[in-house]
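Consider the two complexes below, in which chain A is the common component and chain B and chain C are the respective partners.
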Partner chain A sequence: MKKILFTLLFYFIFLIKSFALIEVDITRGNLDPLPIAVSPLHVDVKSDNFKDLKVKELGENISEIIEKNFKNTGLFNPLKKDAFVQKPDIAHLKPRFEDWRLIKAQALVTGKLLIKNEKLKVEFRLWDLTAAQEMTALAFTTTPSNWRRVAHIISDKIYERLTGEEGYFDTRIIYVAESGPKSQRIKKLAIMDQDGSNTKYLTLGNELVLTPRFNPTNQMVTYMSYFRNMPRVYLLDIETGTQEVVGNFPGMTFAPRFSPDGTKIIMSFAKDGNSDIYTMDLESRVVERITEHSSIDTSPSFSPDGKFIAFNSDRSGLQQIYVMRSDGSNVKRVTFGKGIYGTPVWSPRGDLIAFTKMHKGRFYIGVMRTDGTGERLLTENYYQEAPSWSPNGRVLVFYRETKAGDKGEGFTAKLWSIDITGYNERKLYTKTDASDPSWSSLLSK
Partner chain B sequence: MNLGEKMTLKSNLKNILLVIFATLILSACSTAKKTGDIDGDVYTGKETVEFLAAGVPDRVFFATNKSSLTTASRATLRKQATFLRKNKNLNVTIEGHADERGTREYNLALGERRANAARDYLMTYGISGKRISVISYGKEKPVNPKSSPLAWSQNRRSVTVKVN
Partner chain C sequence: MIKSLIYSISFHSLMIILTVLSLPFMLREPVDLPPIVSVELIQISDKTRIPYAPKARKLIEEKKKIEEERMVSEQAPPAAKAKEKPDRIPMPDEKKEEKQIIKKKQNPEEIKPEIRQSSEFEKKEIIDTNQIAALIDKAKEVEAVKEKKSNKVTQSSQKNSFASGLTLSEEDALRAQIFGCWSIPLGLPYDQNLLVRIKLELKKDGTIMKSEILDHERMNRPGQKFYKVLAESALRAVRLCQPLKVPPTGYDKWKDLQLNFNPTEMLKG
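Up next, the complex of A and B:
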């Protein structure tokens, strides 16, 4: 009897399994990326021309961006197009599943686009080739100059459908672009798409700028500037370019970040040899002191629910990470491992804190639970710091510097990313040397 | 081989090892003397030092992650205080710096603490705080761009700069 029941159960599970659509598990390092075919989007022959856009190549270009996004996740293996067996328009209507399975694809992306009356109409479909069915389909309209974002939005939707998690492709990264010799670095605020395209410089490089961070809606940036040789926290409106000082206290203000609701800036204020943490309400300009300790308190970061603040303090003698309530009460040290710790950043999912660890002359980027347990070091190097989270809390971007020779030669600073699984470490493309990255939230949400 | 022989062999080996150790220690001492410019890990040399006036060095150096003044630093700052007392109309800015081996934000705070350690010392020697402003550059302005312990020790500094 037992045996029969077991067999029944087995069949039952087996049946469910065979009907389940493909899934990509992103909670572990993926050594077996999902083979996916991204068919070029079919360009409707009735499409108008638009400015200097190469309309005929648009379908191909969009599919290439999607492929690059997928490849960079380490979770997908986009297949070479020369093996593709069906024309884009025909595949989009109804793929011959068995033909696509022949080239070992498990998922297929098809789509088409039309430019009419200065509008770009796009639709795409995601097909499960094993189950021989459509998994998701979406159509939308936008301005043709937004075509790169179209590719990122499609990537996000597919990622979401296959992994069950929000994507992070339709995002930007703000960072500090660096140039010049090491002892006279020129630093500018720069912003780019997550994939390294559309780089724009937001300051001219006349003064030193550091640590830019987005607000939750990605329209504002808070950063530190040495404008007129007065190190202060500033606020920049990306669209209008307006800059204003927000931490104009008689001393130095630095290490700014927004509160999760965007109404406050939390920062350090240093005076007479002591740094403490303060918040400023952006509307009322009311300043609140959060820590009061003779040690250095800096690098504050709110939990996504706004209830807690992680920060860096050397009150124990050396740099360690602490967590407190957002009113400054209930301060608890959370790092007790070997070495010293800095730059705590709360994950947007709320479950982890990313940090920089320094031990025996090496630098590590790691994650731990918010009470300090479960520390995992993801990457070790000569110098690296300043992790920033992808909006879905799965990837970290940080910067890494190389060792300099006798005259400072050989020194570089670059942005890198790594999955919190510890896999998929990648150098990000930036036009210049780069540091202090901050990852935006999803732009279309 | 009997037991006696074994013993002498052992003690011989011990002696040889001791000699090797002593040589190692001596050579370590001599290399330390040769660079000679770092005590603990505080820079004690003159290579990057400039002068506010004859015999008045413009900077003092710090140990890693520390902002306490060494005996040598205090002597330098007393010379600066004497110089500032003689030049009553002169104001200064003290720039605080850190080496490249720390996180940027913490280093900004550390540079500020170092600059204020120097400022406080000048004030105990009668220089008005109004004459001394401070600014921290953290790790942003290394004087020696090299990635070496010597360069780092030269970069962990506070520099007194004439303003007028």
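Up next, the complex of A and C:
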């Protein structure tokens, strides 16, 4: 009996060993941007003309916007069109994968469009060239004047399919457009697409405007404006252009910001000479006090679940960042580094807090975990502040000012964006000088 | 008596104090050494030593136990002794010979200079290579003895070699090739378990006959977008790399191959 068992055991071991699969661990790869080919969209010959739109060039223009969006992410490398080997219409039907692979592309975007009865119909396909299969395909119908947005929506869908996270291209950025000499700056509220096009001015510039902030759930904006030297908090509906005063608050008021569900505004204002944090319900207009401390508490920002608030306070001597529950309890200091910390903004993903740091006369934009650990300073400069998150929590937009001469010459303020990895720092194109940006949520959500 | 005891104690403590005060290493702060660069002197063997699978190891251990028990029972009545198969124990001569062969193999002095792996440090002779070699030798000897024990269990050294897979250099060549082809999707979260295992069936020239993601049902589960993206990128890498750099021989060993893609290290930076 023992002998049989022994033999069986031996055979068992032998079998396991002889059929052991060879395993190879792959723990490294390259971090080069993914090479992608964006073929111009094929314009159907039956297309009508539409107003002053150059219909024949529309396919090319849409593909260029998609390419530009991808290039700006730093995650993709759109290939030059000179090397493309297939015509757009044929490629859209069925690409010759081996030809596209020859130019080292790993993904291919094809599409076609048709304008009929004042409607623009666009469809696109994303192809995995190595697997020789379609990854995603979608079609939209819209008014032809919306073609830029169509390009952004296509970019979002492809980005989502290839990275696993939401895109951020069909979004807008609101900011304060600045012009004139430094001592007499004219500040207007302006809004543009995230790629810098379609700039519109929302105020005339008679009054000073500050800190516009988007509602995370829709296209409403709250901002501060000084009317006869009195600070007021405004609500602005971008779609309709209507504005309303939320309230007059005593003394200095700072940085109103929406709660994640969009029903409240959180801000700080000084009552009896002491700044504290308050919330205001937009429907009932009831103001609730959140902090009560003799120090200066400012810059509140809700976590995306609405349970916590990050803010800065000088209660420990120097200005640092604190986190508390949304009812004001359980206040915890989270930054302990050297220097001054300010403008905490909770990421829409909920995992990080972006902030501005000042140390030895230099300004940094950084991110850290919500408990203050893992601080990473992404960029350093003479003066920069006010980070705002892209809706997917991957990119930050902020503004940077240059040093001015004695008479204010050489002074500029521009918007910049940076990836949370610290790579891919880019200047955003704005028509005028710009400050205080705020990134909207996805328009097509 | 007490006096001498006091003398003894006081002199002893004096000696201890003197030692503490005079010996430099007791007072001095630990020297801030630059990070130690470990120099691995490995003789690349023909066969990669793949550790036993946990299940197999268990079995082997069990077997060892049985063996040990048997050893004990050797002193017991002769009936138990009779059960033992004589052919299972290698002849003492064989043992000796094997040991000698192993020794010969491991001794770096006898390896041709062009085969011997050397490092920058070795060239500069900062480290006494002979000593290290001797140490390794010793270690290998111990290992060899251990191995022999396990050979006893599995009965044959031939079967052992049959089971082991690619050599280190073959594995490294394959790995390096795939590193080059794999574009890691940068948007992935680094704090999630994102291990993608791909099973490949290869042709003799290294091209892929069949590729299969082992947990492919996870790809279509809701909330597993990142996993899907990673799995796709891994598949792309494998396909881009075709034909894979596989050894010219031993097709049976590597015709089924599993690749484990894990980007965590890279994403953490």
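A few comments on the model shown:
In the analysis below, the second predicted complex is superposed on the first by the 410 of 445 C-alpha atoms of A that agree within 3 Å, B and C clash if a C-alpha of one lies under 4 Å from a C-alpha of the other, contacts with A are read in each partner's own complex, and residues count from 1 in each chain.
As a working rule, a residue touches a chain if its C-beta (ideal position, glycine included) is under 8 Å from a C-beta of that chain, and two chains touch if they have at least 3 such contacts.
Just so we're clear, the structure is a prediction, and the values are computed from it rather than from any experiment.
Looking at the shared chain after the overlay, A:231 reaches chain B, while chain C stays out of its contact range.
Within the superposed three-chain model, A:130 lies in touch with chain C and out of touch with chain B [touch as defined at top].
Applying the stated contact rule after C-alpha superposition, one finds that A:23 touches chain C and leaves chain B untouched.
Chain A residues in contact with chain B (one complex) as well as with chain C (other complex) do not exist. Of all residues in chain A, only 2-3, 6, 9-10, 12-14, 16-18, 20-34, 74-75, 106, 128, 130-131, 135, 160, 162-165, 394, 421 touch chain C in the complex they form. Across the complex, chain A meets chain B through its residues 181-183, 185, 208, 210-211, 224, 229, 231, 251-252, 254-255, 268, 270, 272-275, 296, 298-299, 312, 314, 318-319, 340, 342-343, 356, 358, 361, 382-383, 385-386, 401, 403-408, 411, 435-436.
Contact residues on chain C toward chain A in their complex (touch as defined above): 50, 52-53, 55-56, 59-60, 62-63, 66, 83, 153-155, 159-160, 162-163, 165-166, 171, 174-175, 178-188, 199, 225-226, 228-230, 232, 234-237, 239-240, 253-254, 256-266, 269. The part of chain B that touches chain A in the complex is made up of residues 65, 67, 100-106, 108-110, 112-113, 115-117, 120, 135-137, 140-147.
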